[in-house]
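Note that subunit A is present in both complexes that follow, paired respectively with subunit B and with subunit C.
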Partner chain A sequence: MPATYTPSKPDLDKSRLHDNDNGAGRRPPTDKRTGGGGEGDNWQSRPQGQRGPRERLGRYRMGLFFALAGDLMFFIAIVSVFFVARTTGHFDAYNRYINEWLPTAIPPVLWLNTAVLLLSSVTMELARRRMFHEPDVMEEWFGLGRPISRRSAPWVAATLCLGLLFLAGQALAWKQLAMQRVFFASNPSSHFFYLITYTHAIHLFLGIGGLMLALWGLYASRQLETRQILVDCAAWYWHSMGVFWVFLFLLLAYFQ
Partner chain B sequence: MSQSPYLRRESAGTLASSVRLAGRTSPIRCHLFTTDHRAIGRLYLWLALLSVAIGTILSLLMRLHLTWPERVLPFHGPVLPEDYLALVTIHGTLMLFFVLTTAPQSGFGNLILPSQIGARRMAFPLINAVSFWVIAAALVVLLSSTFVPGGSPISGWTAYPPLSAVPSAGPGQGTGIDLWLASIALFAIGSTMSSINQLVTVVRMRCEGMTWGRLPLTVWAWITASMLSILAFSVLLAALLLLFCDRHLATSFYLPVGDVVNGTLRAAGSHNGSPLLWLHLFWFFGHPEVYIAILPGMGLTSMILGNFSRRRVFAYRTMITTTLLIGFLGILVWGHHMFVAGLNPFAGTAFSISTIAIAIPAAAKVLSWLATIWRSRPSYTTAFLFSLGFVSLFITGGLSGPILAQPILDQYLHNTFFVVAHFHLIMAMAGIFGLFSATYYWFPLLANRTLHEGLGRIHFVGSLLGAYATFLPMHLTGLAGEPRHYAQLTSIPNAAGDLLARTLPLNRGITWAAFFLAGTQLVFLANLLLTLWRGPRSSPNPWDATTLEWHPNLSESDFGLLPVVYREPSQYAYQNGEARALPQWIDPALLPSAPSTSGDRGVS
Partner chain C sequence: MLSTSSYAQGCTQCRDNAAATPIATQHAYRTAILLLVGVAFGIGSSVVLVGRRFR
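Our next item is the complex of A and B:
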């Protein structure tokens, strides 16, 4: 029996199927940009079966962006209805034109909340960048500990706290409005105030779920690539919710 | 079985062997909670088959009641107006969402799309599975809405407020419509997820050489429909949310002031809304939705006509463009459903123009189909026949579109059976013909067997005659004034009653034709079951097709390497008057001699 190892078909299959190409053993994506061809990571010119780990990251990112495009349409629809409702009136029995819209006063705490949310975006971006920091990635790739998780997790945790703080602040705003007897059903403008803040808060809850998942992944997942994807996608989602909020908040604050 | 979704010869791919497998391994795990796109695609098809069966029975009940209103249903008693409207609602919702959206887009999208682009799987298998289950849950919720206290929803598939926004408005406007809302919301979420998956798959997972210009038109249709889904379903979700608030949270987005429902003036809450708002939001979704239903059929028609007439698809690049253009214009035409709803007349004109503009890419498609088969000697397989039928129905149904798109004419025709005729020919029948075409064509990939051609031809002729006999006369009853959503045409005591009574003979004919059409489908079911039971095994590429899903041994070739694509689909080499197929995957270097190929090379 010759001592050479002849790979069997399934073995070959396995190593070449990109299904099983989880990035282990290949250099994970980093923030280093050499900009030229011949870069070890130049996956785009390779056939699919041999593409590098960056492909998986790109795939998840793209999925997230399509989802966010749909989400954007959702908010665009609601904002359009906002403008329609604000300008709609009717004629009453005495033929007077009535527009029932009474602007809802914005609780000042919302300014604070906005600042908190923006800050959380900053911490999240720091966490995201950490995931691709080249020296750390290389260190981890060589098997020298898990510096990436160690350096990134605190920032994710900080984002999580700030996010919860934002939600607490929103809850406070709802409470203040309720004390002024402004409820969901009170007025066309309050419909929108609550509709917009509630739907945005629900989105943030999902984001918090994503952050917790990312945090858990940072500890539990052994593959750097998976961790990068988790944090990266959570970050882009979080940023988008921040941007959505800025627009929605400006709408509520200045366009009522 | 998630290992190698490609293996047609192995158990993974075949429906027949799934049945066999079910006895052995854990069948639930293997076939229900699977993330394999082929298994999921098959689940979608079963779901659509179930829905279409129920939907058809409901439509026959509708016809029975329209023509013989005094008849009593067994186990039910007399059919009340709300029962009739419930039939309309569940029929429409089932057919449009759970048949014409799921089967072409998600069913065949899962079964065929990855292999057509040379990918081993979808981009997000887990999300794929989840979206199926969300949609299945939506179906369960919809069907359960019939059995709740207060009765089935009766608002039609469009659920116009104010009636749909007021729980006390009548039968079915309570829990029934709440469940309808929940069902459609679930459906919207599931469809969005599945569309995202499909888009990313096409953008990211194409095999080597599969450039954008070489994608089969089916794939172009699928991704255009996916883009429309992502845009449209999100807006629908917002609209549903607002309707929910109106129903339960005392808002009035869609409720006008002075709204009198059942003789009572609704006074609670502020009333500053307008039902027109729902129409805008709903049709912003609704019109793209009908294109989501038909685009895959259009793409498939192009490919099948080319394949069986051994021609390249006429004006291939232009067909890609028209697919995208139809998708794009489809977003801009929603107002043509609202001409008589109190739309600003100027807006009506604008929507009329954009609507007629969409007839241009549609006509270009028809021209390409005709030019592709013009003076060719096609082989008249059942799949080809159904594609021809698609073209025919698309033309017939399309001709009434520009008529309806004139606001003036629509004043009269809106809400008559003329509209019913229009959309049943162009969407329902054309869509179903597209599905049949797909089934006959791809059945060898689904079950490793070919459907019986003789039965298929009977099925085709019966369906075509039945479709026209059922839906063409509806133009006439519509022109005579027969309204939609009326439970009864007889015993109406005035001149209108006389008018409607005069349409009864024609209506009786329509009902007979509908039964004939439905009966013909039994031939298809028989064919399906017979073939699954003991149909002939098919050869690897029975239609001599050129697209990648027919690659004879995708899984085995080159030790599991993915195939490489060298040319556009439907390319043929002509030698001595014989057309020889040049499949996308054949290396030009391996061709014996390359005389007059019409393949494009060197384009990347």
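Our next item is the complex of A and C:
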């Protein structure tokens, strides 16, 4: 019979005094509390700002939505000026009212670009959902590897590629217009076409920066919640840029 | 303070300019104002609703 050692109660108490172990197992090396209603673990009763990962995610989301609200107002301001400029003219020397607005024919490649951007939104949503997929989260919580990063990263990378493809398509559209001698200052209509597509492309560049950061975070960050926040915020930003583009594209295609 | 004359004090020049434009331009101004006000109101309402929901 193998030798076993069964500690007596005083022995147990003595050792527990030093390592704060209540006998239910030690805490893992990283903080993996869930914020549930377990013993002394009800994070909702804690002060604001210390209520766990869900609160942290909500805070980052809120910050992003405020930034996006500012962005939305920026684009709406451009669209408002677009509507006014479309009908505004000037009086010439003969007191005739001249409206110089000539609609700019949008390059057909923009339709393809729109499809690519919508597809990238789908891949980004798949990546975001992967980050919150419960079985994977539990697997990681139990310390069985990093399935979340492994399964989400390809979708983030796919989104990044599609985003770059969209920007390449936009560059192609600008080149096609330039070949038709349609430039920024050619006409009020072309002015708005370039203004809208340039500003959206700049915003998409920022989104690509966010995607690269999320991709880097998926490999570099040890904390699950940090990775979730990075991908979640990048996804919401990306979706917003997709919605903004659809809105702006419809404006350029049908409201000139 | 809210009489018509005092209401127009601040921007009579703007009003005259707008009145001198064609009907289509005046319509465009109204559309633009409605668009700006509508979106701003929507954002404000959303912030209030979300703030109350997650208070």
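Just so we're on the same page, the second predicted complex is superposed on the first by the 207 of 256 C-alpha atoms of A that agree within 3 Å, B and C clash if a C-alpha of one lies under 4 Å from a C-alpha of the other, contacts with A are read in each partner's own complex, and residues count from 1 in each chain.
Methods note: a contact is a pair of C-beta atoms (placed from the backbone, for glycine too) under 8 Å apart; a residue touches a chain by one contact, two chains touch by 3 or more.
Please read these numbers as outputs of a predicted model, since none were measured by experiment.
When both complexes are overlaid on chain A, the residue A:69 reaches subunit B and subunit C alike. Once the two complexes are overlaid on the shared chain, A:97 sits against subunit C while remaining clear of subunit B. Contact with both subunit B and subunit C is seen for A:58 once the two complexes are overlaid on the shared chain. Contacts of A:81 after superposition: both subunit B and subunit C are touched.
Within the superposed three-chain model, A:251 lies out of touch with both subunit B and subunit C [touch as defined at top].
Set against each other, subunit B and subunit C touch different numbers of residues in subunit A, with B touching more. Using the contact criterion defined above for the overlaid structures, shared-chain residue A:109 touches neither subunit B nor subunit C, since it reaches no partner. The contact surfaces that subunit B and subunit C form on subunit A in the two complexes overlap at residues 58, 62, 66, 69, 72-73, 76-77, 81, 84, 88-89. Taken in their complex, subunit A has these residues touching subunit C: 58, 62, 65-66, 69, 72-73, 76-77, 79-81, 83-84, 86-89, 97. Across the complex, subunit B meets subunit A through its residues 118-121, 123-124, 127, 192, 195-197, 199-200, 203-208, 230-231, 233-235, 237-239, 241-242, 245, 249-253, 256-258, 269-274, 277, 281, 284, 559-562, 564. Subunit A makes touch with subunit B in their complex at residues 9, 12-13, 16-19, 47-49, 55, 58-59, 62-63, 66-67, 69-78, 81, 84-85, 88-90, 92, 98-101, 184-188, 191, 195, 199. Residue ranges of subunit C in contact with subunit A, taken from their complex: 21-22, 24-25, 27-29, 31-33, 35-36, 39-40, 43, 46-47, 50, 54.
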